[in-house]
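Step one of this worksheet: look at the structure below.
As written, the chain order gives the labels A, B, C and D, with residue 1 at the start of each chain.
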Amino acid sequence: MIQRLLVANRGEIAIRIGRTARDMGIEYIAIYSDADRNALHVLLSDRAYRVGPPESEKSYLNMDRIIQIAKDAGAEAIHPGYGFLSENAEFAERVIEAGLIFVGPPPEAMRLMGDKLQARKLAQKVGVPTVPGSREGISSVEEGIEVARKIGFPVLLKAAMGGGGKGMRVVRSEEEFTSAFKLAQAEALGAFGDSTIYIEKFIENPRHVEMQIIADRYGNVVYLGERECSIQRRHQKIIEESPSPVMTPKKRKEMGEAAVELIRAAGYYNAGTVEFLVDKDLNFYFLEVNARLQVEHPVTEVRLGMDLVKEQLRVAVGEKLGFSQKDIQPRGWAIEARIYAEDPANNFFPSPGLIKFLREPQGPYIRVDSGVYQGYEVPIYYDPMLSKLIAWGETRQEALARLKRALNEYIVFGIKTAIDFHKRIIEDERFRRGEIHTGFLNEFTYTSLERKKEAAIAGTLAYTRKSAAISVDKGECQPESRWKTLGRELALKGGIDEILG
Amino acid sequence: MIQRLLVANRGEIAIRIGRTARDMGIEYIAIYSDADRNALHVLLSDRAYRVGPPESEKSYLNMDRIIQIAKDAGAEAIHPGYGFLSENAEFAERVIEAGLIFVGPPPEAMRLMGDKLQARKLAQKVGVPTVPGSREGISSVEEGIEVARKIGFPVLLKAAMGGGGKGMRVVRSEEEFTSAFKLAQAEALGAFGDSTIYIEKFIENPRHVEMQIIADRYGNVVYLGERECSIQRRHQKIIEESPSPVMTPKKRKEMGEAAVELIRAAGYYNAGTVEFLVDKDLNFYFLEVNARLQVEHPVTEVRLGMDLVKEQLRVAVGEKLGFSQKDIQPRGWAIEARIYAEDPANNFFPSPGLIKFLREPQGPYIRVDSGVYQGYEVPIYYDPMLSKLIAWGETRQEALARLKRALNEYIVFGIKTAIDFHKRIIEDERFRRGEIHTGFLNEFTYTSLERKKEAAIAGTLAYTRKSAAISVDKGECQPESRWKTLGRELALKGGIDEILG
Amino acid sequence: MRYWVDFDGEGFEVTIVEENGTQKIILNGEAKEVELFKIDSNGTYVAYVDGAPLIFHAEISGNGEVKVSLPDVTHQMNIVKSVGRSGERRRVVDAGPAKIKSPMSGLIVDVMVEPGASVEKGTPLIVLEAMKMRNEIKAPRPGIVKELKVNKGQTVETGTVLLTIE
Amino acid sequence: MRYWVDFDGEGFEVTIVEENGTQKIILNGEAKEVELFKIDSNGTYVAYVDGAPLIFHAEISGNGEVKVSLPDVTHQMNIVKSVGRSGERRRVVDAGPAKIKSPMSGLIVDVMVEPGASVEKGTPLIVLEAMKMRNEIKAPRPGIVKELKVNKGQTVETGTVLLTIE
């Protein structure tokens, strides 16, 4: 095994990868932009190197600099995490050319899968059904409108090099097309350095179900069960679970085997995810391959007792998989909620800022992968995810009950989050019955204008306390002064008389 | 199921029980002494009631008041946690007399098991081997010395009503006897309200291995696997694991069945633990029954995917066990480290005080059950445990690696802890080989006077920074000012030119 | 003491009374026993309302402006001493020009209207970028763009007035 | 700037130099690049020593007394500007009476010696109780009990001098 691993990422995923590295006795080398000088992924590293200014283009997307740091630090391998350079085949190639190990799929497979259009073609070739759409990237608004007319509105604009919902737009009519197309192009360029957009038929109310796979260099491919990720806002998953509430063992086997076939045909190894849309009749359509570790990988891990990053590292250094398909025996149900700094009452606008108080959930069957701490300022430059909250239970009901408990004890002040919004979702009757689809949240009315009475009580108390403190400085019950207010000496003496009789 | 549960305890265990209550849709009612007004077990409750002044005798041991609160709050049941009233049969009786459910064993079985001498007799009766010792409580120093001579030094003084190492003393010679006996009596009286002490042969270097059981009212008793708890300081367990490194399937079955037999003979139901000493030849001797939930129950839970508090509540309301012995299929290895506010370099003296900074470990296969938060002052009145850190792995080696990782990322400032001490233990070669016994820590030399160079660097930097700040007030890089120092405006403008091309 | 707590037009009368050493709060005729403690010196508090803990964060500006964050929701309110007859006081809703404020810190990457432009409800006004997300800020009501207070390329804070519509 | 950092007799000379805008620290002849940041305003810092993060807490009293807590160990030290020849300065170890200090806050439940008593190393002196634990404080060396500064039933803080042995 290697001695040092550079994690070319930030936030919770850099920490999560660093944890596995340490578990394996590997040093975790972090990189940071100037905006991340004292981010948690730096504080928890073995050694950290500056990669550049705050903008991603100059820091976490700066291939030359990252490879140079790996060499300077004596790291033998680079793990790209998700986002940033994780699906960039050129980066993978350059890492390999520099004599380092890229912890991910081979560049050729990445290139194939990274180009959504080529991936579609391969899927069609091996007999995996796909959604109707444009075969090539769309170069102009006019061409786009023509293709969209042919497919029929509504259509979905997608970044060819994209992922994570960025550069993605639903267009329901011709009038909306021009503006949506330009925004999608600009977002795609900013996020992936490539503005190519393609168009797909927009299937109404599908489920998003994906199959996790792991493969070694020797042709062994194993599917690790599906995740249902239909709860999305702005085309970004926010609640993911495994198994899917509608999946049958037969369908799971079909989908798993389709995924394995595609992965084999692509010459792909390491961890990866094959995403499908599932319609009301449980027909599934290939969507794309995420040629990397995914945000939601923990829901698979906690059911299997597996560490996917450990498996990635093993495959990356050339080991064979230590298990085969029949060894995969998932236990119970797992569900994840992504906690972002955002305002659900205001179209999920990001809400960066200083975290003034933080107490994250803990306890039985709760896993929190967090990237922040009390006193940390969430920067404006990056994806505003704070943490992932993963709950496990024997049944879906038990997993949901635990997730709700964890959401109820999640306290973060200073920035807005969608914690309340998550609670409402998992209390929703249709959600509880598993009747979900990717448009679920569009139909979900949410207002944060609840609990005004509690807020009024809290506000009035704090206001009058502060006014009183200003006028008479009468002192408040702070931790530092509790000691005294409790009449410690006297109480202790009372206590001892009793003890000593 | 019930609607409201009063938890007659404090700290992490009250929170842990409250979590399961909430998972089951049950309201968690907390009690607090004046020293615990804003303790975490209060903040995380649904409703909290004052139980009395700081001293345990007047608060967490105040039976009348606790039962009254349960009635006032409309709670149908009381869970006693561990310690305090948890093994007090009189309390259980009075709870039941008040028309409430006691979440624990029936009072008769508690009384039987709570009296260590009676429990020994029962074990002997059903053929479970026991350690040689006094049959009755010892009433005077003279009688004690006589009994000790008969058994032969070294002997162990134990509180008849005791548990948790309190009132326990090893006496190696006659000269030490008088002072040790009086201290043990006083501690026993203070902790359990009863000064009865008995004497046992002190077996050199035994392992402490215990068997978790769960039983319903209908005679179904299931053993849930053993825990090895040989790592003890001051006779108190600080590292526990499951399985035991030396246990064989055959021995496990023997011990499990012995435990089941004893539990059945005692008419015991609910959760309980049968403790054994195990000698070098894997002979086991009955030690005592802990008629309650134990501190270390999570190591059993995480291997089974079970919630022991949930099972306790189900049994308490009269449900049958939902599983039988053959359904118990533990997975992997689990290990727990108890984190106390204490100074390992100073004979584990408690170190209460204000927690000035806190960042507890998280991530894959780590569970933290904590009772504190940043800004909380650990009071001087109670057991100084801050949290329990539980790691799981497929193998012992993997569990240990994860525990070490978690210990490495545990940051708590303001009070002393034994986190470094824990790290040294799990890095010890004999420990890693599983060669442990209850005297392990006595032979373990520990000095915290390591890493002086790092401390010197840190101290000098902070000292010069502070001096500089005082003399020129030049401003330091605080979270609030990072924004500005980063040249935010300029950086952003640089970024946008690039994005907009 | 009686207070009027106003949430942008909608409000409650809140009365605080001391009785035998305990504090009670009356809201909508319901009286509850309350206790308030500071958790830290950064504005984190816990209130016990009839024994139920309510952890919150409060930012108190001059003039009775209070921002309260419960763990799951944040509310902005105005608190004034109530002097009229109980329940009678109502805030006069401001009927002046609509100020379009920035909902977050970020970068103005496009300004899509000019002063004097006539807009419908929903007309895109400004594109704001933060954390790699582009967000169109749309007109909340029809009107004429009056003042335009920001330019393309400018960084704004949460609450910065971007433009006004009359 | 050179400093002498003394850990109760044992010490290091620590030199801090500025070079091309970066700070270096020299200890035992080894030079390391360092950067220091505050994590909060309560004394929590992070230092990067050749890029490796060192999170710590420092309490700085007057006279150069500094208490540093690393996440796993706490050290008390004295820092003074070093003026002698490099490496030459040594603290004179105090050979006076031994002050027996309370290792923690707690309650004196027994005082087992009287002034003038002759004690051996290991003789029990005082029983201190905290958190339901009784702890015997023993003589660290042989001698005569000189001053007895506390009484049974009294509460003491960490560091309170209990008695002295000469």
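Criterion: a residue touches a chain if its C-beta (ideal position, glycine included) is under 8 Å from a C-beta of that chain, and two chains touch if they have at least 3 such contacts.
Please read all numbers here as calculations on a predicted model, not as lab measurements.
Could you name all chains that are in contact with chain A and with chain B at the same time?
Intersection of chain A and chain B contact lists gives C, D.
Measuring between Cα centroids, which chain is at the maximum distance from chain B?
With centres defined by C-alpha atoms, farthest from chain B sits C.
Quick check: more C-beta contact pairs in A-C or A-D?
By the number of C-beta pairs in contact, the winner is A-C.
Taking each chain's centre as the mean of its CA atoms, how far is chain A from chain C in angstrom?
31
Could you state the distance in Å from the CA-based centre of chain B to that of chain C?
Each chain's C-alpha centroid was found; their separation is 46 Å.
Report the inter-chain centroid distance for chain C and chain D in whole angstrom, where each centroid is the mean of the CA atoms.
50
Do you know which chain C residues sit against two or more other chains?
37, 39-40, 44, 55
Listing for chain A: what residues touch at least two other chains?
Expected reply: 37-38, 44, 186, 190, 374-375, 381, 408, 477, 479, 495, 499.
Which part of chain A faces chain C closely enough to touch in the complex?
Those in contact with chain C are residues 56, 166, 179, 183, 186-187, 190-191, 234, 343, 346-347, 349-353, 356-357, 380-384, 407-408, 410-414, 416, 419-420, 423, 448-466, 476-479.
For the complex, which residues does chain B have touching chain C?
37-38, 42-49, 374-375, 488-489, 492-493, 495-496, 499-500
Can you list the chain A residues touching chain B in their complex?
15-16, 19-20, 22-25, 34-35, 37-38, 44, 53-55, 57, 186, 189-190, 298, 301, 305, 307, 331-332, 354, 359-360, 362-370, 373-377, 381, 392, 394, 398, 401-402, 404-405, 408-409, 477, 479-480, 482-483, 486, 491, 494-495, 498-499
For chain C, which residues count as touching chain A in their complex?
1, 3, 5, 7, 10, 12, 14, 16, 25, 27-28, 32, 34, 36-45, 47, 49, 54-58, 60, 64, 66, 68-75, 77, 79, 103-106, 124, 127, 130-136, 158
Quick one: which bits of chain D touch chain A in the complex? Just the residue numbers, please.
37, 39-40, 44, 46, 48, 50-53, 55, 107, 109, 129, 153, 155
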